[in-house]
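Going by the order they are written in, the chains are A, B, C, D and E; count residues from 1 in each one.
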């Protein structure tokens, strides 16, 4: 036991000496500023998205309110506030009211640990441009973000409507599925940074961005962050064709606005995390520092930081503008069958490389053993991949059930001839539409039993 | 930042543990990749091979262990001191592995039900639906039971060898969780089985919560989870003794639940009745062995210095278990429930042995030690139980396995051999001389008396008398009562169950007549590493 | 030698279990006779003045200090002889299937009887307490199947009652045995050997506790009031032959144990307990005889008379003088013979009349004089008529009782009166008087039955007039044991 | 530190009482989880008090175990639920309680 | 503890804002009663009566949730390991490879048995 003790983060971390020294007014001011920035950022993002998508679709987009239509989002917000506040009679009132709050608060709180810049002179007080930091900051972010999922599930559950329920379930299933991949993608970062504190991770990237040396992690993270935020092409919970509005079908007025707000803040949050963990955070892109000494001091880093964040936001918009929505099973298969095993394999690979670089003259037998295990793992992985389809061979032999362990659990629509199509293998098969697949609804099940 | 000290792992000594775990994992892989037709064979062969290999490993390790530091114990502390591989551990490992081999044989039995095993074809299918009919028609079976069982075996080995509270807790859970699932997988009488699983699970989880909170309090008291450190703390009387006392109590709740002692016995009859008989056979024997191993280690190593505060509690619990078990068993009319209550009573008897802890100085030179007595009793009890349940799985009527006592009437005429073997197991459980049960009882009574717990021994004798009535009653039903209706029939088992029963009976007999070698083995096992 | 003696019937039991059906009975009898011969051989080589003999000692369970140790002294020898002598007549008496109503045939009956013989012999020769205990319990298994498997309606219940009583007694015994072991372990030499244990110096309190345990166990076995209730049921439901084995062989283990363990190992406590034990014995004597008078079932009646006789034996043991001791041991032998005769004759009677009810019988005398005669002999032996062997032992016990306290003696004498009543009245009701319905055709004993009865009657008469051979064996033992118990004495009765 | 321990004790008691009084299997089960989390709190609080990390590491393991319990527990409860359409502990009473 | 107080401040701020919005929407918005409006939305048809929470839903979601828990737990162990990897080096690698391999076995099983297929 005692020998295992150093595994956990030691408190207090010397790298975090700069934090926790602020007087109350600085804290309050910083908190208010973050809050305001986030609200503004959301308004801007909505506008930005509409404009960019419009451009991509050869439209103009909002252009009436304010210069370039910049005030459009604000106008929408005010309009929402003046709409009737409907609570469906089938709803569980308390939870129904609570859900938007639960969804919104974590969205804000996550930003508390995102480093926006180095230590600056803040109204005469020297403090980092970051509300706070802690040895487990990234874990904290993930944890808080998970709370947001409760808001969505509870919102869908409490509405008392089938669409809401299924939308809520879908989005939570989706979020938790991609959270795994996301979490695994971060492991490699910690391996290199040796810390989970955001500011230390940024500091660790002063020579090279992790996005470059840990490219697979970065890619996995980016994919899963899109899934995590329910954005196109993974915006299945809100698939209008299937589920009307998803979990917030029954929400109206400002409660709806809160969900909307939370979603856009989350958009910004995952972008900010990506920036922090993979793109050097607030540090200026390399090259610039060589040209310009002061690029990484004072308030300038805010520029780099938000610049990088906007790159990601643009990416989000771009994806939405150009990609069709994925089918739900393909989407889940991508998360569970591709991202997770690849992340695991990548982690092992990174760790191995790290060990080799740490212990120049390494004990060969150990290395061989490790590599052998690794090889076996990889081979097994390929084996699994190949045989994934092979399950179908079992099907005719097994009788009239598509597959063994789980399918018998609840009624499913009759299968097309030739058995189920699974995996991302046959995207062009239109034998069954996405709509047809989602008839596994609560009442459908009821009638079957 | 403290420097990282690489813990010693001692892979060689851990070999049996690793083999079992590896085989369990391999079993899962087999489940995943082999076609359905060959899974059964592959799983059975794999499990048996793994267990035998592990058993060989235990023997090799046992021959190799050195004296630990300069104490009385022999063995090593592996994995940074979290697992104690000492004599008692090895003894229990060997015992658990032997039981597991018998368990696999019972699990693999397909002869009794006309070509299918005792487990549900598809547990996920709701009974009475098309899905289930289809599963039955396709002759499905859950071959996952073998890996599950291997995981349980792994837990059973880890649990008594754990040398700190955390490892013990993990062992407890690893041992319990697969058993919860296995309990719910009966092919026939699914509802009963599922209900058993639910009850077992809820109560089991509840009790492990107690165990854990107890661990937390002890940690709060001693500042460490390590048994040696706790012992040191108790000896030096640091911290608040109320923490220690409550903590000990809560820890005991968890352990006593696992062994099924009164007042934590409520689950025993339900689970024993509902779960598939092969599972019950394995679980009744294995869990008790493992849990008592852990209990001995916890009480002797960590809390030995505080024995004046836990011994009175155990006195009462032992007495209650013996009486409640014996008395309630008499009122049962289902053979599995009856055996369940009898196991409660036996828990009490084993606790009598646990009470026999004495300081080393108080013992005569070649006097039997409490540890030795309990280990021996466990061995005798385990084999008699597994054999008895194996016999239960043979007795049938029109609706499959029949466990109602009145349906057993006339078994002596229907199948004298089966009735005789069962009677023999019952006599062993009753502690009649020339069976292993007798020597076990003798041993635990001796150590308890030697430790001055004579009231408990007197109570134990009285409880034994009640228990005798209970066993004799079953024998009477089998031999002297007129059968109801067609009477029971006995399904002819394949060599698998037959072997288990024969080996169980043989061991029970041999240990009854010549217990010397095993007693010596338990003596050679020596002491716990402190 | 003793091992062979024990193994002989055991092997016989196994052989009987496998030989062809036709040979079951001859083979069984052959083994019983061989055992008898071996027993006589041992008796002929026995040196009456040399204490424990024919000893064999092997370590059995080292960790517990258990030994496989056998040996006989005077007491053991007599019991061994009694056992080996009684089994052949019992087997002969069960020759016909019909002798065992409700049973499963001769094979299992013969096998179990031989098994019981083997375990009983082991009990009488064991010199290790644990070995004693083990075979003590082992006797129950054949006995259980003998009672439960053969006999009248309700035998299953009786068998269960028997077994539960006996096992209860056994477990109490176990507690005391373990207690002895622990005492020896505390003294530094954990052992179960009687010789080791006898050398222990046990403190008074412990001795008393252990005594209570031993005595309770043996009282159940013997049986003694108030733990006698199993005896009546068992003898009523079991076959008469089984009852012979139970009462004449098995129950003697109780009194044998009292002598060997209570007196032998715990002399101080025995003296401490004497008043209580004597009172219990007296109650048994009077109560047994008294309720026997009122019985209608002949087998139950015989069972209850034994309660009275066991009271005498226990009384003889616990009055602590050589006359009583010798009388008690002699009584054990005589009672064995007399009761065996009584049960067997009653069995023949029941076979003929088809009932066990005394009130349904009558007038047998006229049709079957030999049967009636032998029944009369047995009855007179039971009430202690001079000239028959029980008289000697009964007189010795009563004399000793008067020595102990006049009141004790007086009560014991009262029992003789009662015994005369039940013996003679039973005779009168069954054998004399007018014929009852269905009693007309009672045939007399055939040759086989006479062959069974005659030796027993002969033995009764012989030992009635000439008990010296027995006394020669008994006296040294009694001297030794009383001496080792530290009881001052003035020479035995010669 | 004492407050944390007291809080954990209170949570533990609530869970315990919940297990004993509630009849819905899922609620009972959640109460069990509450007990485990109370244990975690106690572990972490004691870890802080003793200044070593054993307690915190334990908390990790407890989470793992709790998760495994959740998985198995829900599986069992769901099977029963689907068979009987009820999650009440009382309804499951084929076996004598 | 000082590290956590700012978070509390931000959280309070956000909560205040959210609660304020929820209340405001009830206060500011117009109220025009209409029975159909309070029914749950089902494309205009009469909604089927349902218990709160919509009754039952596919088992699949449970399975996903369980799998998530299993992997989340794996991550719990990977994080501290990753942070302190440099100190453990080879030992850490070997042990973690064993750990990951174990999890991977379960993963392969679930995959092959169709646990990851959504239909």
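The working rule: contacts are C-beta pairs under 8 Å (C-beta built on N, C-alpha and C of every residue); 3 or more make two chains touch, one makes a residue touch a chain.
Which chain is which protein? Per UniProt: A = NADH-quinone oxidoreductase subunit H; B = NADH-quinone oxidoreductase subunit N; C = NADH-quinone oxidoreductase subunit M; D = NADH-quinone oxidoreductase subunit K; E = NADH-quinone oxidoreductase subunit A.
No experiment lies behind these values; they were computed from the predicted model shown.
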item: Reaching chain E from chain C through chains that touch each other, fewest steps; value: 2
item: Shared chain contacts [chain C and chain D, defined touch]; value: B
item: Farthest chain relative to chain B (centres taken as mean CA coordinates); value: A
item: Pair sharing more residue contacts (C-beta pairs) when B-C is set against D-E; value: B-C
item: Greatest separation from chain C - chain, by CA centre; value: A
item: Euclidean distance of C-alpha centroids - chain D vs chain E, Å; value: 20
item: Centre-to-centre distance between chain C and chain A (centres being mean Cα positions), rounded to whole Å; value: 90
item: Centre distance in Å when chain B and chain D are each reduced to the mean of their C-alpha atoms; value: 25
item: Chain B-chain E separation of Cα centroids, rounded to whole Å; value: 39
item: Residues of chain D touching at least two other chains; value: 52, 54, 57, 68, 75, 82
item: Chain B: positions in contact with at least two other chains; value: 3-4, 6, 33, 124, 166, 224-225
item: Sequence positions of chain E contacting 2 or more other chains; value: 59, 72, 80, 84, 87-88, 101, 108, 111-113
item: Contact set on chain B toward chain C in their complex; value: 364-368, 372, 427, 430-434, 438-439, 441-443, 445-446, 449-450, 454, 457-458, 461, 464-465, 468-469, 472-473, 476, 479-481, 514-516, 519-520, 522-523
item: Touch list for chain E against partner chain D, complex; value: 59, 62, 66, 69-70, 72-73, 76-77, 80
item: In the complex, chain B residues that touch chain D; value: 123-124, 126-127, 165-166, 169-170, 173, 177, 180-181, 184, 190-192, 194-199, 201-202, 205-206, 208-210, 212-213, 215-217, 219-220, 223-225, 266, 269-270, 273-274
item: Contacting residues of chain C [partner chain B, same complex]; value: 60-65, 130, 133-138, 140-141, 144-145, 148-149, 155-156, 159-160, 163-164, 167-168, 171-172, 174-175, 178-179, 181-182, 185-186, 188-190
item: For the chain E and chain A complex, residues of the former touching the latter; value: 2-7, 9-11, 13-15, 17-19, 21-22, 24-26, 28-32, 37-43, 47-48, 50, 52-61, 63-65, 67-68, 71-72, 75, 78-90, 92-94, 96-98, 100-101, 103-104, 107-108, 111-119
